[in-house]
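Next come two complexes, and both contain chain A; in the first it sits with chain B, in the second with chain C.
Let's turn to the complex of A and B:
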C-alpha cells in the first residue's frame, strides 16, 4: 500500500504512514482549523491498512507536543482502531513519546494508553 | 483639537494598568487564532517562561478562542451560520503576581446561561483526578447536540489551569448576556 505522507504545518502534525514497513508515525502539534478535514483521510488510509493487517506486526508512534481538545477525540479514534486491529490478531505496538519538559503529555499518554486492551502500549521520553 | 494620539494611548493605558500584555477584541476566525497564538508563544519564550507554562497558556488560549469562534452569539452577518460567519469576542493575556492570566469574553443567548453556568460550576468544583475522568468520558461520548467540537474544551482549560477557573455573566438586554471566563497558569 502506498505511503501516506503529510508534511507538518504550524497547526497540523507530520504524518508518515509507511505501510509496507508497518511503521506509522504522527508527530508535532495538532490544532487544525478543521479537525474532520484533516483527520478523515488519515482514518480512511488507516482503516484500509488495518483491514488487511491480519496477524502481521504494526508499530504506531505518537510523538505529539501539543494537541487541542478536538484533536484529542481524533487521537482516541486512532487508538480505538489500533486496539481493534490487535483484537483481530495483529501484533500492534503503540509508542507514545512525550517531551520530558512537559508532564501534561506524559499524563495524556497514560490516559490514552490505559484504554488499550489488546495492543501493547509503551510510554517513552522523547530523545533530544 | 485632535486627541487621536491621546485617545488611543488612553486605551492602551487602560490595558497596561490591568497588566494585559496581549489583547484582541473583534471579529474572530481561525487565522486570527493562528496569528495571535504564534505571537503569544513568541512573547512567552522571550520571557523565558518554561516549556510547560508556555504550552498551558497556549492550550487555554486555543480552547477559549475556538469556543468564541464557534459559540459567540454576536456574529456577522447576523443570520449567518456556516463557514462565512464571523463571531465577535475579546481575549486578553495578562501577567498578575507572577502568573499568566487568560481572559475571554463573548455574548451568549440568555437561554444558554443556566446550562453553561451549571456545567462550569461542576467543572470548577472538580479536582484534577475528577477532571481527568470527565475529560475521558467526554471524549468517548458521542458529540453533544448543538456542539461543534468535542465538548471537552472547558475541561481542557480547567485541567491546564493552576487554580479553579472563574466565570461571570452580565445582563445586557432581553436576549443577550455577556459571558467572561478567566484561567490562570
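Let's turn to the complex of A and C:
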C-alpha cells in the first residue's frame, strides 16, 4: 500500500504512514482550522490498511507536542481503530512519546492508554 | 462548578439505566443486550466528553501561561529596546549624523568596502594651537576647545556636512557622501559653511577676549573638490568611515597655506562656486606628489552679503554717476554688478543685460577687460572700450565700463574708476553719519 506522507504546518502535524513496513507515525502540533478536513484522509487510509492487517504487526507512534480538543477527539478515534484491529487479531503496539518536561502530555498519554483494551501501549519520554 | 455536578444529569441517566438492567424490567434478552450496549456507549461518550473538557481546561491554562510569558517577554523587549535606544543615541555622538542614519536605516553596509566619489573636502585648524595650549590651564583649554568644536559642528550640521573627524583642534569634514546634492551644490554648501564658520569665530573671539583669553583663536581653512575614495577603512572589528586620496591631501595642504582667518580653495572648488562666492586669485602652490602647480583662490564672501554695501549706494545714484560721467567725457558709461549684470548705464536700454567682460572682472579672473572694435563687431551688445573693477572696503563690488575708441577709453577708464569710487565713499560717509 502506498505511503501516506503529509508535511507539518504550523497548525497541523506531520503524518508518516509507512504501510509496507507497518510503521505509522504522527508528530508535531495539531490544531487545524477544520479538524474533519485534515483527519478524514488519515482515517480513510488507516481503515484500508487495518482492514487488511489480519494477524500482522503494526506500530503506531504518537509524538505530539500540543493538540486542541477537536484533535483529541480525532486521536481517540485513531486509538479506537487501532484497538479494534488488535481485537481482530493484529499485533498492534501504540507508542506515546511525550516531552520530559510536559506533564500534560504525559497524563494524556496515560488516559489514552487506559482506553486500549487489546493493543499494547507504551508511554515513552522523547529523546533530545 | 465541579465536574461531578456538571455531569450530574448524565450520571443520573446512567444510574437509572443500571437500575433498569438490575431490576429485570427488560424481559427479552435481545432488548436487554441492546439496552446494555446503548448504556456502555453512553458511558464511553460521557468519558470522552469529560476528557475533552479536561483537555480544553488544560489548554486554556497553558494559553494563559503563554500569554503571561509573552507579556513578560514584551516588557523585556521594550526595556531592551529602550536600553538600545539610549546606547545608540550615545554612540551616535561618535558618528556623523548622515553616516549614523544611513547605517541605522540600512542604506549603508557595515563592512570594509569603499567607492570613488567626487567630494568637496574641508580642513580647518586653529592657528598656533600648540602654542596656545602651553599657556593655558587644561580646564580652560577644554572649555575653549569644546565650545569651539560644538559651535563649528553645529554650523557643519546646518550645512549638511559629513563630519569625518576631529584631530585635536583640527576639523575634517566633507560634502557629497553619504548624501549628495550634486557636485556644484556640495561645493557651494562647503564654502558657505566655511564662511559661516569664519564669521562665527570672529564673533566668538570677542567673547573669548572678554572671558580673559589673551590670544583668541583664529583658524585656517582649506577646501578642495575632487575624486576621493570613501568608505569603511580599518579592520573587521574596528573601522572608520572616512575618505582617502590625493584630494584629501590637497585640501589639507590648502589649509596649511591659508592666511590666518582665511579660506583658501582650489580652482576645482572655485569653478563650482564663483557664481555665488566672491573670491580672488591667491597664486599657485606646489603640492608634494602632484606634478603640476595648484591654482588657488582666497574666499572673500557671499555675493549676497556684499549687496549690503551696494544697497546703500542705490541704483539711482549709480545711474546719476553714469549719466554725469558720460556727459563729461562724451562716451557710454556703464556699471556692472555680479556676473556682469549692467545695473546702471548712460544708455538706458543696456540696463539688465549681462556683460561678459564685466563677469570676468567681477569674478576676479581679470583686473581689466578691453574690447577692441573687432571684438565689438563680433559680439552683439558689446562695445569697444575698457572695463575696470571698483574695489571698496577690500571687496570688488562693481565694475565700471567706458565705451569709446580704446585709446580714449583707456584714459577715461581710470578717471571713471576714481570718479565712481569717490562717489561711493562719499555716499557711504553720508549714510553712516
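By our rule, the second predicted complex is superposed on the first by the 128 of 128 C-alpha atoms of A that agree within 3 Å, B and C clash if a C-alpha of one lies under 4 Å from a C-alpha of the other, contacts with A are read in each partner's own complex, and residues count from 1 in each chain.
Here is the rule we go by: a residue touches a chain if its C-beta (ideal position, glycine included) is under 8 Å from a C-beta of that chain, and two chains touch if they have at least 3 such contacts.
Computed from a prediction, not measured in an experiment: that's the story for all the values here.
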Exercise for review: With the two complexes overlaid on their shared chain, look at chain A and say whether chain B and chain C clash or fit.
Suggested key: clash
Check your understanding: Of the two partner chains, chain B (first) and chain C (second), which one does A:111 touch, if any: first, second, both, or neither?
Key -> both
Point to revise | chain B versus chain C as contact partner of A:76, first or second or both or neither | key: both
Exercise for review: Name the contact category of A:11: first (chain B only), second (chain C only), both, or neither.
Suggested key: first
Check your understanding: After lining up the shared chain so the two structures overlap, which partner does A:101 touch, if you call chain B first and chain C second: first, second, both or neither?
Key -> first
Exercise for review: Report for A:33: first if it touches chain B alone, second if chain C alone, otherwise both or neither.
Suggested key: first
Review point. Which chain makes contact with more of the residues of chain A, chain B or else chain C?
Key: B
Point to revise | Stretch of chain B penetrating chain C in the combined three-chain arrangement, among 63-71, 81-89, 153-161 or 171-179 | key: 153-161
Revision key, fill the gap. Check: chain A residues flagged as touching chain B and also chain C 66, 68-69, 72-73, 76, 104, 111
**Study point:** Of all residues in chain A, those that touch chain C in their complex
**Key:** 66, 68-69, 72-73, 76, 104, 108, 111
Point to revise | Residues of chain B defined as touching chain A within the complex | key: 30, 34, 38, 50-52, 55-56, 58-59, 62-63, 66, 132, 135-136, 139-140, 149-150, 152-153, 155-156, 160
**Study point:** Sites on chain A touched by chain B in the complex
**Key:** 10-11, 31, 33, 65-66, 68-70, 72-73, 76, 99, 101-104, 107, 111, 115
**Study point:** For the chain C and chain A complex, residues of the former touching the latter
**Key:** 48, 51-52, 55-56, 58-59, 62
